[in-house]
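Once you scroll down, you'll see the structures, which are given as structure tokens.
You will see two complexes here that share subunit A, one where it goes with subunit B and one where it goes with subunit C.
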Partner chain A sequence: MDQFILQILNGLDKGSAYALIALGLTLIFGTLGVVNFAHGALFMLGAFVAVTVSNILTLSHKVVDETRTDFLGNPLQVDVPYLYDWFGQTAGDAIIDWAVPISIIIAIPIMVAIGFIMERGLIKHFYKRPHADQILVTFGLAIVIQEIVKYFYGANPIPTPAPEAFVGSFDFGVAFGFDPNAIIYPYWRLVYFFFSIFIIGAVFAFLQFTTFGMVVRAGMADRETVGILGIDIDKRFTIMFGIAAAVAGLAGVMYAPINSPNYHMGMDFLVLSFVVVVVGGMGSLPGAVAAGFLLGILESFASMSAVIDILPGINQIIIYLVAIIILLTRPRGLMGRKGVMEE
Partner chain B sequence: MSKSNFSRRGVLKTGMVASAGLALPQYLRADAHAGFTNAPGDSEVILGFNVPQTGPYADEGADELRAYELAVEHLNGGGDGGMMPTFSSQALDGTGILGREVKYVTGDTQTKSDAARASARSMIEKDGAVMITGGSSSGVAVAVQALCQEAGIIFMAGLTHSNDTTGKDKRANGFRHFFNSYMSGAALAPVLEAAYGNNRKAYHLTADYNWGYTTQEAVQSSTEAMGWETVNTVLTPLTQTDFSSYIAPVLNSGADVLVLNHYGGNMVNSLTNAVQFGLREAQANGQNFEIVVPLYSRLMAKGAGANVKGIFGSTNWHWSLQDAGSQAFVRSFGTKYGFPPSQAAHTCYVQTLLYADAVTRAGSFNPCAVVEALEDFEFDGLGNGPTLYRGEDHQCFKDVLVVKGKENPDNEFDLLEIVEVTPAAQVTYPADHPQFAGGALGTCNPGA
Partner chain C sequence: MLGLEKKDFRLLLIVIGLTMLAPFLLNPFPEGSEMAQFNAGYPDLMQRFVIFGIFAIGFNILFGLTGYLSFGHAAFLGAGSYGAVWMFKLLSMNVLPAIAISVVIAGLFSLLIGYISLRRSGIYFSILTLAFAQMSFALAYSVLTPITGGETGLQLALDDPRIFGVSQTATGNIPVPALFGLEMRSSFEWEVGAWLFTFNTGYYLAALFMILAFYMSIRIFRSPFGMMLRAIKSNQTRMSYTGLNAKPYTLAAFVISGMYAGLAGGLMASMDPLAGAERMQWTASGEVVLMTILGGAGTLIGPVLGAGMIKYFENIFSKINETILHGWFAFLPDGLENFVVAMIYPFIGKGWHLTLGIVFMLVVIFLPGGLVQGGQKIAALFKRSKPEDAKPNATEPAE
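Let's look at the complex of A and B:
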């Protein structure tokens, strides 16, 4: 029982990341009809916003410490962050410690701007082109973005820890009457799960309860009719692209403490997120979220050694196996709408 | 009056023969008179540096390339000479190799076997490289080593840790200076026993590819020999990024030690996840829970940040070693580039000097002469103490470092501290050891 609960918890945080990326993907597909293979790169850029903010907060000047030597035997030059000079060491350390949460605020305008530039600068020229062209150009764009990131940040992962207050793990086992250590779960992954629920809820609320969202939903259902009514739907869809980029970016920012960011982390998530979108149903927002959590949980269960002992290799294929079964039995995915990607 | 004998058919025939001749790989035609592939001319010799310049190991590859450039500079008489003055063999004199200026070409392995073979082939066939060296993966090393054997080229392996490189996949034209999985297990076991006792239960997470298997086998057999029990071994996909679902069940498995047979990004992520799940602070079987990383790399440890603190592992070399050779290399590399070299840089630099030295002692670039000069060659002064290049499998036998993540690092390079320098005798094994079974060295191939 404890293993069952443990793997559900594991699946929830993994599913959170899938759901957030897939939500943005399907939002872009539902509004603009574009299959955006650069969406994983937006997730990665979000994580690197956290890295950059962390780097900026630790910008330092050198102070020579005569009592110690560096690797060449010269007096050691110690890096002292400017924040120490301005706010004192205690306050400076506290600010540096909260680099990732601070990055959330900074990432929103940056990611919206990146999304806007990406859509206006490149993707809009491919709206009327076949999906194959869109996939090729966005995939190429993703590679360009990751090579740019690699140029500036290197190929190695860069540790970006969570605030000290969220380091460590919570013993669910003790809290719910199981043995100690039976169900351990890191605090930051809990934060990630609740954060993703909040973001998903905010996106749905925005689309459901605002006039802007109503127009966007109308545009998704019947773009031409909305256009005939004199509404500039393209402009709203561009804004939605920016919002989708911000969602992916925020998913990346919050993911940075879970796994140290590296330039190809977007690609690691991209294929899985596409499978999530297809399983959920192309263009279906609730489908993307549901499929994200479903596949995250299934992937966790498939990684249990008891399962692998019975079905060796199942951990490597479970997501694709589920995708095949869903597409054979429900060709439009779990919540896909008729007519989407069927022309 | 002359009569032309040209005919359309004749011109076509001649053209085809000429084209075929030009299209022949250089190593099949050039300098065949010398009796070996890519025999250099009188003025220069070309070495081929095949390192990952793109992909996840690009930073390690960049460090390898820096070391190679430094080695070439020193061989040609530039800089401070690096390890050449401390090298026990004093055959090298800074005038290139056998009086020829050393030049080099580079290839990008991308850490993919097929790409690595293609770049090595290109350097051999198009650029005339007489020796290929480098790499940051055992899969790549085995693939390129086999290619060099076929082509009649010496391969001086870079960073490759799998037993198979000098085990079942060994080749007469290939040489490895880097240590291997067996040596990691043999060096780590006594240190782990001293630190954690012999009543331990280990849980292995192992990367699902060749290096992972040999490392798990080596560590498992060494730790079981001292009394540890292995409670579970789980293979993890090489492409895995989030290891939470593999790590979460560990605490409740009856194990009190987690062995992460992972390298590179896998190691960074699995170690980070293990620390997140509270394994460092946990208790199991009445003891502190412990984590072990059999193969450390400073470049990769940097990615895991503070999570490496207090965690044992092994490494081939570390810049903080105090012997004259290591200090000379660190000074030379650090002065040129501004930071200390990695273990990958060290092994690549040393391999280049060893090759140049072997050619010089042999008095020939002929691969078979080089093989003869390197086999059972004993040397010192290159950073790992007295070392033997064993003739039976072309594996170097030298001291191995057991290291631990440093608790209070002084700077960004000061991540690992040396816990023990395990003497070569303790990590030496017979050439027919079961972990190295299969395959045969064969005979050297001079090519041409």
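Let's look at the complex of A and C:
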């Protein structure tokens, strides 16, 4: 039983990342009808916003510390972040410690802007081209973004720690009456899960309860009629692209402490997110979210040693296997809408 | 000639000429000169040119003609190389059975994957092939280690039970792949003044296969079968209304291009008898997509050009470092020199992927027919005498 719960929990954090990326992909696909291979790159850019923010916060200048000496006997030079000068040591430390949460606030405008530029500058011109062209051009864009990031940040993963308060693990066992140490779960992953639930909820609420969201949904259902009614649907779809980029970026920011960001993390996630989207059903937002969590949990169940003993290697292929079976038996995916991408 | 039209036959002759004279053409700069680093005429790279050329020609038969974008073609190349290495291990060091088996294995493998994947089209087909390729990669990397060698890859060993031939040579080494005694790695070097030309056995074998593959692809392009494949790309619904079932044609194209990939994999293993799982990864599939699109999908010569260009960039361009750049721009005043080098450096050397990505995007946006279309457009600029209406025939890639 405790193993069971542990695997569900393990699946949740990966599932959250899948769900967030797949949600953004589906938003773009459902509104603009574009298959965005650069979405993984947006996720990666989000993670690097976190890296950049923590780099900026720790910008420091050298101060000679008279009380200590280095190995040559000269007075030791110490790096002092500017934040110490401005806010004092305790407050400065606290700010540096909370770099990742702070990046969330900074990431939103940055990612929305990047999304805007991408849509207006490039993707706008590809609405009328075949899907293969859309895939190819966004694939090229993903390579370019990756290489730019690689140029500035190098090829090695950059550790980006979570705030001190969330380091360590939560002992679920004690809380739910199991043996101590049976179910241990890192705090940050818990935070990630709740964060993603919050974001997903916010996106759904935005689409469901605002006039703007209503128009966008109407546009997804029948773009032409909405246009005839005198609504500039393109502008609203561009904004949705920005929101989708921000969702991917936030997923990346929060993922930075779980997995040190490197320049190709986006591609690694992209393949899986596409599989998630297809399993959930192209164009279905609830489907994308549900499939994200489902596949995340399935993946962690498949990596239980009891399962691997029976079916070796299943943990490596389970997601693809599920995707293939779903695609062949339920062509529309779990919750796919009728008429979306059915040639 | 050979069942080809005059124009196609001329193209074939040009390709034959270029591949046969490649050791000269790719080594235009004398040894030891400043420009010698741009020489691409060494066996390893020339082999890669033609092998990836075969791979891209095959991919083009699927994507260029039918428009089905597969993101999993590297799996067939990987399967082909595993098959070839097993032939070396078990049967003999002769490359012919190894190449034959690699084509057969890749063909069967692509028949299986194609049969399932082709039940869907468009983006779903791309994702299905991607999923299959990633699955094969994951399996080759982990569970299938007894067959594939897992992380280290499949290599020859000193105690391979070779039926024809010996496990070890007289000196206790692993024997090398050969064609009836003609070793693949053996080269004939010819020094002419300051120039050094290398003629490598493996390269010429691979080049022969590439010419054969190219000839086959011309025949397919011009055949009624090729016409069917184009019909699938332009309008599949209309095709089925006329009473034709598209599936067998697409599947045939998929298997043919899978066999091309297998041939490339078998040749790769023949040049260097090892095979690794990373050859199957989806980034490797992405590479062949890049090659084909860059050169010109749906054109005959495009994929070969694309493959050559990417491999040239990968091996030659990537070696240019900051010092060399400073050397080139040394004639400029210091400040300007540093500025120019700083502006150019991100795009070459280690950053060649960035250039590749940008060029690729530009090609997709402005030249859907790839570099071949670009060349034709430039040629059309100089041919002013031609009237406007002659243009569409000349510039349109296979649609």
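Just so we're on the same page, the second predicted complex is superposed on the first by the 328 of 343 C-alpha atoms of A that agree within 3 Å, B and C clash if a C-alpha of one lies under 4 Å from a C-alpha of the other, contacts with A are read in each partner's own complex, and residues count from 1 in each chain.
Going forward, a residue touches a chain if its C-beta (ideal position, glycine included) is under 8 Å from a C-beta of that chain, and two chains touch if they have at least 3 such contacts.
Being a predicted model, the structure only gives us computed values, none of them experimental.
In the superposition on chain A, A:Q316 contacts both subunit B and subunit C.
Applying the stated contact rule after C-alpha superposition, one finds that A:A165 touches neither subunit B nor subunit C. In the superposed model, A:L141 makes contact with subunit C only, not with subunit B. In the superposition on chain A, A:R189 makes contact with subunit B only, not with subunit C.
In the superposition on chain A, A:M265 makes contact with subunit B only, while subunit C stays out of contact range. After overlaying the two complexes on the shared chain, residue contacts for A:D70 are found with subunit B alone; subunit C is out of touch. Once chain A of one complex is fitted onto chain A of the other, the partner contacts of A:H125 are limited to subunit C, with no touch recorded for subunit B. Residues 150, 316 of subunit A lie at the contact with subunit B in one complex and at the contact with subunit C in the other. Residue ranges of subunit A in contact with subunit C, taken from their complex: 35, 122, 125, 130-133, 135-137, 139-141, 143-144, 146-148, 150-151, 267, 271, 274-275, 278, 282, 312-313, 316-317, 320-321, 323-324, 327-328, 331, 341, 343. Residue ranges of subunit C in contact with subunit A, taken from their complex: 67, 69, 116, 119-124, 126-128, 130-132, 134-135, 138-139, 141-144, 236, 282-283, 286, 289, 293, 346, 351, 353-354, 356-358, 360-361, 364-365, 368. The residues of subunit A lying in touch with subunit B in their complex are 2-3, 6-7, 9-11, 13-14, 68, 70-72, 76, 150, 154-159, 161, 167-169, 179, 181-182, 184-186, 188-189, 258-260, 262, 264-265, 268-269, 299-300, 303-305, 308, 315-316. If you check the complex, the residues on subunit B that touch subunit A are 55-59, 232, 234-235, 237, 239, 241-242, 244-246, 248-249, 251-252, 265, 268-269, 272-273, 276-278, 281-284, 299-300, 302-307, 319-320, 330-331, 334-335, 339-340, 410-411, 413-414.
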